[in-house]
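Please see the structure below; I have some questions.
When the chains are written out, they are named A, B and C in that same order, and each has its own residue count from 1.
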Amino acid sequence: MDHLLDVENLWVRFPTRQGIFDAVRGVSFTLGRERLGIVGESGSGKSMTGRAILRLIRPPGQVEADHIKLDGVDLMQKSEKDMRDVRGERISMVMQDPKFSLNPVMTIGDQIIEAYRLHNRVSKSIAWTKALEMLEAVSIRDPDRVMRAYPHEMSGGMGQRIMIAMMLIPNPEILIADEPTSALDVSVQRQVLDIMDKLVKERGMGLIFISHDLNLVADFCDRVLIMYAGRIVEVCDADKLHDAQHPYTRGLLNSLPRLDAPRDRLEVLTRDPAWSEAPSVSGRV
Amino acid sequence: MSMLDIDALDVWFGRDRGRVDAVRQASFIAAAGESFGLVGESGSGKSTILRAITGLAPTWSGKIAVKGHAIGQRRPKAFYKQVQMVFQDPYASLHPRHSVDAVLGETLHLHGFRDIDARVVKLLDDVGLGQKFRFRYPHQLSGGQRQRVAIARALAPEPELLLLDEPTSALDVSVQAEILNLLADLRQEHGLTYLMVSHDLSVVGHMCDRLAVMKDGEIVEIMDVAALRAMKATHPYSQHLLQASV
Amino acid sequence: MAEQTLRAWLLTDTPTSRRHAKLSALYQGWLSFRSNTMAMIGLGILLALVLVAAAAPILSPHDPFAQDLGNRLAPLGTDGHVLGTDSLGRDILSRLIYGARITLYIVALVALIAPVVGLLVGTVSGYLGGWIDIVLMRITDIFLAFPRLVLALAFVAALGAGIENAVIAISLTAWPPYARIARAETLTIRSSDYISAIKLQGAGGLRIITKHIWPLCVSSLIVRVTLDMAGIILAAAGLGFLGLGAQPPSPEWGAMISEGRRFILDHWWVATMPGLAIFTVSLAFNLLGDGLRDVLDPKAGE
């Protein structure tokens, strides 16, 4: 099998006053050249999983795993210094709100060029043309103007596209997108997703798409992990998500109001304590 | 009878060259007992209309009338007994140092109620929280529980018109279902009129009887929910929104 | 077992009464404060200072005012005078112990006056805005534009030397930074949803400022005051050193350094011992302030 990423028995723990809190509990999955969705509600551990792969959990939080293999090399064994080369270089991450990820006092062009020259030894003028190409690749009209603009002059959708452009500069093998479109309006959401989709396909990247939006994930991804209370409760193909079996997934789907099927009352999810006790389902292929 | 009558409403921020027109010539009527939705993308001015009604956006012109009484720039105390608002983000709408008891107690006190203790108990029961939440602080509550407290606070003065500013957009879908059900129940029990702002067409389709679609500060279309469900929007922008959200 | 249940009662997430909720919140704060070792050291030093000041007559081996010119400038470890004696043969240890009272007195008075004035000016200015804001903030700027000690000197010169006047002078120069902090906090709090929500209940400005804005400003002010305490002690000592604070023979630490200055080359301990005392207490306040910041900062909540 062609696995870009292979995660086995991943745990994220936080010590609290009431004892140790397990945010992620024994999660295993693999990622090929595909779009893998991770869905769940807040507190389900989906974002923690994404961050744990890059070992971005701040102390006192701890990451433990049997292995997190990137192309067969275990990231858990790497030193913090080596991890810095992995982050951004081989695995990139796009966050929810681009406002906090861009430097507010540098023009967008300068930021892209700086990022580009960090990875490629080229002159400024070459970097400038490359940056323009990249902005065009994420469907930004008038890239010349955008290069000279500051982040606050950008709308949310533009900002997110710029972030994606920057993340793709070093040509990473894996892109982790944590709720990349939640802060955007629906019409813009679609555009950003299309761009991500195109890039992933063209470059043969692996994409981990973390979201709370089931419909979006069903639409956009190839395979979906459904997380609840730090565990994977169900794994299914995205196009079969609406036929999901687990009562939690079913409950989530049914609690959504729908235009085409009006109801007087929405179904309310009753949580079965057994769900959080059951062992994590493996997302390995 | 109309509960809320808005005619040729303009709302703006700033002055002279810095002036931004957030709402332009908005007009609609919400009948008593009706649930009316305002739909649009961010920056379309839908929340600004709510803030103008409540007086939180002080620079407006046009007509805002509640139960036939036009509102001036200064609102009498009686106005806030009639009109209340639930905010978007339950994490930001509760004072971090005030317990649930303090929040509801102060609200009741401000509206001149005497039997505060009994009313706090009743309000908590009404929003499905129960007594064990009475003395908790916001950080001891989940998002859904906080929003229930915010709803209880809005219900405390026994208003007739409730303004809902994206009441579930910060919540998980399963919690959203609980809150939407609660709002539907409360509307029935108390005979409330809702004016609900949302970017989510399916939420508005579920909660409202009629809705107005807003774009760049203007209402482009007013339609009833049956038309929305049948995807029969007439304005191209509403059609575009509908397409994007299915 | 009883202790276990008390702890559980205090740590509960489901308080059953107003008092329970308050106690529980206090206990949680105490727990997170206690986990900060440095802050606990600071608190320990300050508690010790309070005890020493309270028990000064019992603890001090000699009368702090008793002169013994035959035994002047005795070095450290002299029989009966552990920290030696000063130029008039007074026991330095006893004077330090009594001086703790003066230090605490100054600290307490300044801590009562300056932040309260600052809070009042800052929150009113920030909440009301408009010309009130402009006027109040320009006055604040005027006070801020002077070096603190110079301004205090001017006040003391006008009011006359003495501890009370020194305290008033320090307080008058210390409030502007607090007003600035309170105003900045008020500006962010003012536009928050929970203030909008209480406005929709018809609450007036006075209620919003005192009941909703103050509780949130107070914590950052407390932190700032404890961090500034070191500076305030030093300012008081500075005034004492210049002869404009506590008057001789009062054993104020700054005044003691000032007296010892004349002998600093040959009899270093006379000036050094009160200096060390000032240093220790200032450090303790700084450590405490750091710890309090962790506990009180509402943004760092769970």
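Definition applied: a residue touches a chain if its C-beta (ideal position, glycine included) is under 8 Å from a C-beta of that chain, and two chains touch if they have at least 3 such contacts.
These numbers come from a predicted model, not from an experiment.
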item	value
Remotest chain, chain A as reference, centres from CA atoms	C
Higher-contact pair (C-beta pairs counted), A-C versus B-C	B-C
Distance from the mean Cα position of chain B to that of chain A, given in whole angstrom	33
Distance from the mean Cα position of chain C to that of chain B, given in whole angstrom	46
List of chain C residues in touch with chain B within their complex	13-18, 20-21, 25, 192-194, 196-203, 207, 211-212, 215-216, 298, 301-302
In the complex, chain B residues that touch chain A	41-42, 143, 172-178, 180-181, 184, 199, 201-203, 205-207, 228-229, 231, 240-241, 244-246
Residue ranges of chain A touching chain C (in the complex, touch as defined)	17-18
Footprint of chain A on chain C - complex, ascending	11, 28, 31
Residue numbers on chain A that touch chain B, as the complex places them	41-42, 156, 185-187, 189-190, 212, 214, 251-252, 255-260, 262-269
